[in-house]
Amino acid sequence: MPIRALVWNENEHEKSNALVRRLYPDGIHGAIAKAFAGDAAVTVETATLDMPEHGLTQDRLDRTDVLLWWGHMAHGKVDDAIVERVQKRVWEGMGLIVLHSGHFSKIFKRLMGTPCSLKWREAGEVERVWVINRNHPIAAGLPEYIEIEYEEMYGEPFTIPEPMETVFISWFEGGEVFRSGVTYQRGAGRIFYFRPGHEAYPTYHNPQVLQVIRNATHWAHNPAAPWRSVGDAPNVPHDKAPVPLEVKGPRLHADGEEGYR
Amino acid sequence: MPIRALVWNENEHEKSNALVRRLYPDGIHGAIAKAFAGDAAVTVETATLDMPEHGLTQDRLDRTDVLLWWGHMAHGKVDDAIVERVQKRVWEGMGLIVLHSGHFSKIFKRLMGTPCSLKWREAGEVERVWVINRNHPIAAGLPEYIEIEYEEMYGEPFTIPEPMETVFISWFEGGEVFRSGVTYQRGAGRIFYFRPGHEAYPTYHNPQVLQVIRNATHWAHNPAAPWRSVGDAPNVPHDKAPVPLEVKGPRLHADGEEGYR
Amino acid sequence: MPIRALVWNENEHEKSNALVRRLYPDGIHGAIAKAFAGDAAVTVETATLDMPEHGLTQDRLDRTDVLLWWGHMAHGKVDDAIVERVQKRVWEGMGLIVLHSGHFSKIFKRLMGTPCSLKWREAGEVERVWVINRNHPIAAGLPEYIEIEYEEMYGEPFTIPEPMETVFISWFEGGEVFRSGVTYQRGAGRIFYFRPGHEAYPTYHNPQVLQVIRNATHWAHNPAAPWRSVGDAPNVPHDKAPVPLEVKGPRLHADGEEGYR
Amino acid sequence: MPIRALVWNENEHEKSNALVRRLYPDGIHGAIAKAFAGDAAVTVETATLDMPEHGLTQDRLDRTDVLLWWGHMAHGKVDDAIVERVQKRVWEGMGLIVLHSGHFSKIFKRLMGTPCSLKWREAGEVERVWVINRNHPIAAGLPEYIEIEYEEMYGEPFTIPEPMETVFISWFEGGEVFRSGVTYQRGAGRIFYFRPGHEAYPTYHNPQVLQVIRNATHWAHNPAAPWRSVGDAPNVPHDKAPVPLEVKGPRLHADGEEGYR
């Protein structure tokens, strides 16, 4: 069964800015979705902020294996209840790929538990994305670095938790460095953050950038059945314990009672 | 200058339950605070849910080096704005020690980004807390394990991020295991979760448990000046870059503009 | 193309001990190899200490995707040159699964850089292997724990580096705990240590134990081309740098010189 | 009691090369030792390759809290038995700070279990060492980066295990990046690798570089008593188990027998 990818984009710059519209006539989501052209192992759909429930209904998330996220000027417009829904699906095992300015999205900050802040500069400078973890599946098919002629600079410190794996680190013409490709697991869900992709440049037409996005989608896919009960705190009665017990000492909780949350 | 510790307790069971009141006549916070009796390197204060702003005003948090957190039945009563304030202070460098049922506190779930769920059983069984990372400062002065005669069981899977360090793992009489002492860093703040401490048992009178709490407070203290700007995303102008640049290509942002959040 | 697994066993207890021979008439390697019966995605071969070059010639290792290792009484008889050869192949991307008493094998100690020591007891006690990372591919198809009626106890502290992922933790009847399933990456190679498997008990006839071994073999397989140059330290001449440079300041090395090792 | 630091240097370039001698008239070890001038909390000694037992007798290592290591052209001349001795002391809790070309030292490769390879170029280019983990004790007192006018380039991939903490990442004028400050724990010992320090440049006269070395020495110091038995595998008799047991099933080991290694 193919991996069901869903590319989410706020799709706001495209409406208000002619330059972005010219670069991405099908929207940034449309350009990202082309990463999967010719990949029979992935089916891809798109969703945008202005759809009902931002295109992220429970039913649709339940049919999504890997969600890709691009947001920037409208982070604050994303409904908190939908962010919680997405977070729960990640915990259940849905993969999540957060792109570029998505570092400040509600969903990424919630999953990291950190500010996810950084330095930035929009000067069209050269970015060289070095492969650190050479034979990692996310780096499959890449040379030793990806060179991007025009990009926005993101600089350290990037206030994220220490990654599970550091796949890419970027060098910028203006003198900064940045951890550009990092992996995490939260609940059963795999998360990959990938830095490049400023809306004012044609980054999402770069075949190597698209290859990383395609690789990461395969990597983030967890074929296990969704872990629906991931947030539950079940009580194990004393007589159902792996080693059945007599209750000793005092108790506050009555039999069968739910835990506090 | 001594470490300024603040022990926070919801202090609700103590009001409603005679057993807890008998075990902890000064409140659970009072018992925990005694961990620092005789430790001249630490000054300790306490705060409770029913104080104005839960005793966690900005000013008081700014004067706190390490916060210890005990909560259970009243997690939901903790004000979201105060949780955000505490989270910001952790990012700035304040240490945080989360105790027992605090695994489900808003502050711990926010910092972890995961459900923090687990299995549980209240049967007064034996817990044996094994030291995994023997010469870690949090384990200083301990034998190879702490044996606690009566405790509530917490069982895996404990849905936390993979820890930076695993200091303790518990064995339970009824057959379960649990990662009972784990460390993290979020922003500049060090975080330690420590499992034992059910309100129906005298765990916080156990000298070894108090020693862990004291050790962890020393470990979690970050003497660096608070990182007040930890959440900022400063723009670095092209002519102030480490390697000054000419701007190339198109731009969306005007000079001096703030980033989107 | 199927994954090419190679099960290595010292095969010494089988020669000297009737009990082991009775439990494992085809050798421990023979029993482990049966994990792949019916798995068309894996081809399996075996090798033993008494073969020329321990059955681990360069050619054979080059044709191996995942190596499984069982050793105990003959760790010291494994030739250092062959251990180095295996280590190099792991760095190049060959997966390695180290089983039970293999914790003290030369290859595991070399890859970990730590003593890999532990406590132990041979008393035929119950081991309950808890799944910690529930939807990890290595835990696919398992219930919440594997119960093994008779096993040797291994107890913490297990002196390994902090794992990349903790997949299993064991509870023992006699009161100890142990990190029984842990993952690492070294160079391009993925490593999994799995605890159960004492030669005096029928552990390798347990279908759940075999399932973990099969799962881990799939997980450890890195389909990338071998990273043959993983140990090289290439010089990048100044005029071949990504940003070509003029040489400044003094130099010790002549052009084209090899680095020191 | 002050921290007892020992700076080890192969001291070979200083003998054979007039340039290095002019830069470091007291040897590289002499320059590094000056990091502790005015730090009353550290006493410092030095040792060199040409001393008996390379100046690293068991007695001297036993009196060392933190060992600093600089080596390059003579890695192969370091005696294997002494490398094992140093490794054991790290496991017991001695801190280790590996500097620059020490990435290819026997002791670092043994503790990492990886090739520790990298790219390099000697062109006197600018290195900018960015602080990634801003309030980490190793970064105390530093600005957002250290700029070094002339340095040898080291480029990724640096084949090390994923670090416990990434403290520094370097930017190089010629276009490469490198993880320049990384931490590990092996056994009870803390390890810090710090990149700058090519023998042909005055790097060890840079006050910020010396500050990192001083900070790291404080960080690496483990005040716990040495863990002498860190490599032992003690047998726990069934009647001395935390939960005393009757022996069940067959046994291979006789009572009191040592484990195999």
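Think of it as A, B, C and D in the order they're written, each chain with its own count starting at 1.
Definition applied: a residue touches a chain if its C-beta (ideal position, glycine included) is under 8 Å from a C-beta of that chain, and two chains touch if they have at least 3 such contacts.
Just so you know, these numbers come straight off a predicted model, no measurement behind them.
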| query | Going by the stated contact rule, which chains contact subunit A and subunit B alike? | reply | C, D
| request: Please work out which of B-C and C-D is bridged by more C-beta pairs in contact, and write that pair. | output: C-D
| said: Rounded to a whole Å, what is the gap between the Cα centroids of subunit A and subunit C? | reply: 31
| Intercentroid distance (Cα basis), subunit C paired with subunit B, Å | 36
| task | Please work out the Cα centroid separation of subunit C and subunit D, and write it as a whole number of Å. | result | 27
| request: Find every residue in subunit B that makes contact with two or more other chains and list them. | output: 128, 133-134, 155, 162, 164-165, 171, 175-176, 185, 242
| note | Interface with subunit B, subunit A side, in the complex: residues 13, 17, 19-20, 72-76, 87, 91, 101, 104, 110-115, 117-125, 150, 153, 155, 159, 161-162, 164, 173-176, 184-187, 199-201, 230-238, 241-253, 259-261
| query | In the complex formed with subunit A, which residues of subunit C make contact? | reply | 93, 128, 133-135, 137, 140, 145, 147, 164-165, 171, 185, 188, 222-224, 227, 242
| message | Show me the residue ranges of subunit B that touch subunit C in the complex, using the header's touch definition. | response | 128, 130-134, 155-158, 162-166, 169-172, 175-177, 179
